[in-house]
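Inspection log for the structure reproduced underneath, given as structure tokens.
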Amino acid sequence: MSAARPVTWRGWLLTETPSSRRQAAWGRRYRMWLAFSSNPVAMLGLVLTVLLFLCAAAAPLLATHDPAAQDLANRLAKPTAAHWFGTDELGRDVYSRVMYGSRVTLGMVLAVVLTAGPVGLAIGCMAGYFGGWADRVLMRVTDIFLAFPRLILALAFVAAIRPGITSTVAAIALTAWPPIARLARAETLTIRNTDYIAAMRLTGAGPFRIILRHVAPLCLDSLIVRVTLDMSAIILTAAALGFLGMGVQPPSPEWGAMVATARRFILEQWWVPTIPGLAIFVAALAFNLLGDGVRDVLDPKQR
Amino acid sequence: MLVEIDNLSIAFPTPTGLSHAVRGVSLRIGAQKLGIVGESGSGKSLTARSLLRLLPESAKLTADRLTFDGIDILRANERTMRDIRGKRAGLILQDPKYALNPVMTAGDQIAEAWRAHKKGSRREAMQKAVDLLDQVRIRDPARVARAYPHELSGGMGQRVMIAMMLAPDPEMLIADEPTSALDATVQADILRLIEDLVSRRGMALVLISHDLPLVSHFCDDVVVMYAGRIVERLRAADLSRAEHPYTRGLLNCLPALSRPQPSLPVMVRDPAWLA
Amino acid sequence: MSRSGWVRSLGATSSSVLVTLFGLILITFLIGRVMPIDPVIAIVGDHAPPDVIERVRVELALDRPLPVQFWIYVRNLLHGDLGRSVMTSNTVLADIGHFFPATMELATVAILGATLVGVPLGVLAAVRQGHRIDHIVRVVCLTGQSVPIFLLGLLALLVFYATLGWAPGTGRQDVIYQGDVAPMTGLLTVDALIAGNWDALWDALAHLVLPASVLAYFSMAYITRMTRSFMLEALHGEYIITARAKGLSPLRVIWRHAFGNIAVRLVTVLALTYAGLLEGAVVTETIFSWPGLGQYLTVSLLNADMNAVLGATLIIGMTYLALNLGADLLYRLLDPRAQ
Amino acid sequence: MIDVENLSVRFRDIEAVKSVSFRVPHGGSLGIVGESGSGKSTILRALAGLNADWTGRMAVDGVPLVPRRDRAFFRRVQMVFQDPYGSLHPRQTVDQALSEPLAVHGIPDGEARVRRALDEVALPGTIRFRYPHQLSGGQRQRVAIARALMTEPEVLLLDEPTSALDVSVQAEILNLLADLQRRRDLTSIMVSHNLAVVAHLCPTIAVMQLGEIVEMLSTDDLRAGRTTHPHTTALRALSVELQES
């Protein structure tokens, strides 16, 4: 019985006696997926996130109109068969603009995460592992950035360069890395003093090898949770910047800016500002649900 | 009999079904000193804690009979249980570092235990707390009463814990590995203190430990548990005449100062022990 | 820790706060210098003659090297000089003194509401972990952390003001009460209370309800989540088993023992949340035309009034820092383990 | 093989180890006994290079030790920790844990060495690709011992290697250690709070109290009760009274 090779994929993945590194690694991933997929909150988040990315990828196919095409004769129309979500103050199709808007939002989120995430992780791990002066200097710098509320620093920063998609991304990234670095440092500090890291040092491995191969992968778990939850905060900050007129500029179909330009119609044509607002809500909720679910899977004691 | 247990089982739900931690344990405890011995995962702690119904929420508890002085613990409501907990049976946990509330002074924690079951003023309770600290042979009870747990050594913390559990004058004391977090010299002091207090007050003692020789030194009777079952019950004095191979194995595999051995006998676990 | 150790760690904290403060000032200064707007043109206008431009440039010390400019900036700051706002032509400090109380009033009411609802909700969710109430609280929180404040504000106005007519409209008070109450603290409710003007007090409170609720929702979600996770950790402590073994009532176990252990940490969270409300205030004030610091900041931004923007940013940063420091001190005072 | 002279270690305001001296001959084995806070583990960590804040003189095989050790040092000196649940990286399989020292030192033939190491500590090959949480406490400690032996060290430092284990598992691990010591001609230092455990493995015993070695004696003297320091006498009495009644 033990000698027979398990026939099914499931059996191969779930075996208690894997016979290769690859099998062990995939088995672990599969178990995590099983835990994840049995969590309805996480799955709802995942489905919403995937849908969001699909919208962004297939916006040209899904859109029914040109998002920039104006039709001044048909301004502020109610939702109809032709215009599913109605039209805005310039007669543009709101549905198509919302679809294209997902590209802007997700693009910004990814750009921020891909810059702030690795930077924060690297700084946090190094500060935590080396301690001493390196730690003091690096943490003082993050403290300075953390001393501003996020939106305020982003606003001041955008004001210094000029509003636009690049400056929005740069401003948010500038405010996004310090909390990540803080978290990575805190994790590193607890990991650093464990016996298994002591054992790694006793193999003669250098500090960079230990950080890269042993410390960083363990920080990654709580970091993934944090970054996923942070993505919703990034969406909200980007939208707030857009809403205040300091983010992505019209006519680009950024959701926050769409709400801002249509806000004066809230009492008469309430759907015009509400629909892009709901789009922001759904996108932020998707990442919050996903992050919450991932936390349950990766870090059960944090529930 | 103070405690009567028939066919007690405790199980926990896992993804692959129920996992039984205690299976079919039957036990009578009177006004005596009983030791429950077993290795980690043998179910000794769960068995004792079920008497106070202080199990994790997910635990599934079943028994044909589980009574404390005639009170049916399985069916008792929360109010009745609270009259047993503390008032009639105290519980001492392993490590005072974690078992004492870190933001309350030692005196407050003892006074609280007293006030929960006796009627009296705050001042009276505090006086009682200092008295109790004196009874557990703390040299400067008034000072220790004002101290926070992190300011106390392990041995002092455990004395505070004992004082707290003695406060409402219970009939029974359950000590769950009360000394395994302590140094050997302190360990002996604490165990002698417990033994002394229990004998003087005529209380029942349930001493849970992984250390068979230690338990038999302080108890009248010893129950040996393995994988959720009782494999043997015997008088502590008859330990050398233990019959079950598991009990014998536990005794033999210990290195001893008095006799040098080239190698230690290794326990060979017989699947039949599980039956 | 001994008394001298306590003093030493206090010294370390205050020196690190000073370094942070210095960094704060440096960042605002640098942002001001890389601005694409020429501050001279902003003051004298596009069509000023070259000699006037040159004179103002020298007056503002803009011809000097950057470190010297920074030194002048810091020196002015120490004298409470944040420059003059082009838009209002008042000093920025006077402007902030005028607008800040409105923001504080809004944020304080919001944090009170958020705490009173959020903390019990978080405790409840932790105690009933995995039960239906826990899931409901979770959904309420996740929604609160996902909804953009401006959407919530707009919808609140649409429903409670325009449709139901329950709430008064935007602003801090009705026109008829304006100037009724002599400003003492700048907090309208407190001023009305001091003056004994009940109608004005009622009016001020009515105007506060909607923006404060909108602002409070997001913070409440955060406070609830943090309370829940702290409580779960505390409830798994061994000392909870001890407390239950003593025969204490469940309420006493939960509030005296579990909550007692997280209370101090929660104060830190509340301080941070309060500071975070300053951020939410920027958007909320825009929606509700609330004449506070947030609105001052955004209007200055749109008018490229740089002194005002930097001044407001710096003041908010310093408030944030002060709250952090306060929370830290409170923690040292209240937690027996920290001493 | 190991020479320690006037070793002192400080943690901020506390002197954890106060001017301790001892030597262990080649192939010898020293036991250090003491209660918590006596400084016994601190000596091992300083010797292993995990704590650089020490003063005094230490040498291994005549080579003086400096605070920063080079890679060659770690080939010769290895350590086993107390808590088998904490000394294995939670995200690495047994295979990865055992291969890591080989990779660091560039030792070839990893596949065969890992298999031989598992064999040596009597672990079945089936556990090779398991994660630590899938192993029992005893199995974990065997993996930790195997890892320490991967670079074929001459010195093995043992920090309470059995105190987190059940007594029946303790016996197995003690037998394994005794066996390895004999077969590999290892020089070792073992730290424990349990007098009987140390006496079982080591012919010489140092008794520590409050950072100092208060007595150094042979195991035979200890067994026979020929102790001089009151602390040693007390520890011995407790061990005999509580454990062998």
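Think of it as A, B, C and D in the order they're written, each chain with its own count starting at 1.
Note that in this section a contact is a pair of C-beta atoms (placed from the backbone, for glycine too) under 8 Å apart; a residue touches a chain by one contact, two chains touch by 3 or more.
Everything numeric here is computed off the predicted structure, so don't read it as measured data.
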| note | A correct list of chains touching both chain C and chain D reads A, B
| query | Using direct touches as single steps, what is the fewest number of steps from chain A over to chain D? | reply | 1
| query | Using C-alpha centroids, which chain lies at the maximum separation from chain D? | reply | C
| message | For the interfaces A-C and B-C, which has the higher count of C-beta pairs in contact? | response | A-C
| query | Roughly how far is chain A from chain C, going centre to centre by Cα mean, in whole Å? | reply | 25
| query | How many angstrom lie between the CA centroids of chain A and chain B, rounded to a whole number? | reply | 50
| If you average the Cα atoms of chain B and of chain C to get two centres, how far apart are those centres in Å? | 51
| query | Taking each chain's centre as the mean of its CA atoms, how far is chain B from chain D in angstrom? | reply | 33
| task | Mind pulling the residue numbers of chain A that touch at least two other chains? | result | none
| message | If I count partner chains per residue in chain D, which residues reach a count of at least 2? | response | none
| query | Listing for chain C: what residues touch at least two other chains? | reply | none
| For the protein chains shown, what form does their contact graph take: line, ring, star, complete or other? | ring
| request: Go ahead and list every pair of chains that touch. | output: A-C, A-D, B-C, B-D
| note | Per the touch rule above, chain B residues touching chain C in the complex are 52, 54, 78, 82-87, 90-91, 93, 95, 98-104, 112-113, 116-117, 148, 150, 161, 164-165, 168
| query | Given the complex with chain B, which residues does chain C contribute to the contact? | reply | 237-239, 241-250, 256-257, 260-261, 264, 335-337
| What part of chain A is in contact with chain C in the complex they form? | 41, 140-141, 143-144, 147-153, 155-157, 159-162, 232, 236, 239-240, 243-246, 256, 259-260, 263, 266-267, 270, 273-274, 277-278, 280-281, 284-285, 288-289, 292, 301-303
| message | So in the complex, the part of chain A that touches chain D is made up of which residues? | response | 2, 16-21, 23-24, 28, 194-196, 198-205, 209, 214, 217-218
| chain D residues touching chain B - in the complex, by the definition given at the top | 35-36, 137, 166-168, 170-172, 174-175, 178-179, 193, 195-197, 199-200, 219, 222-223, 234-236, 238-245
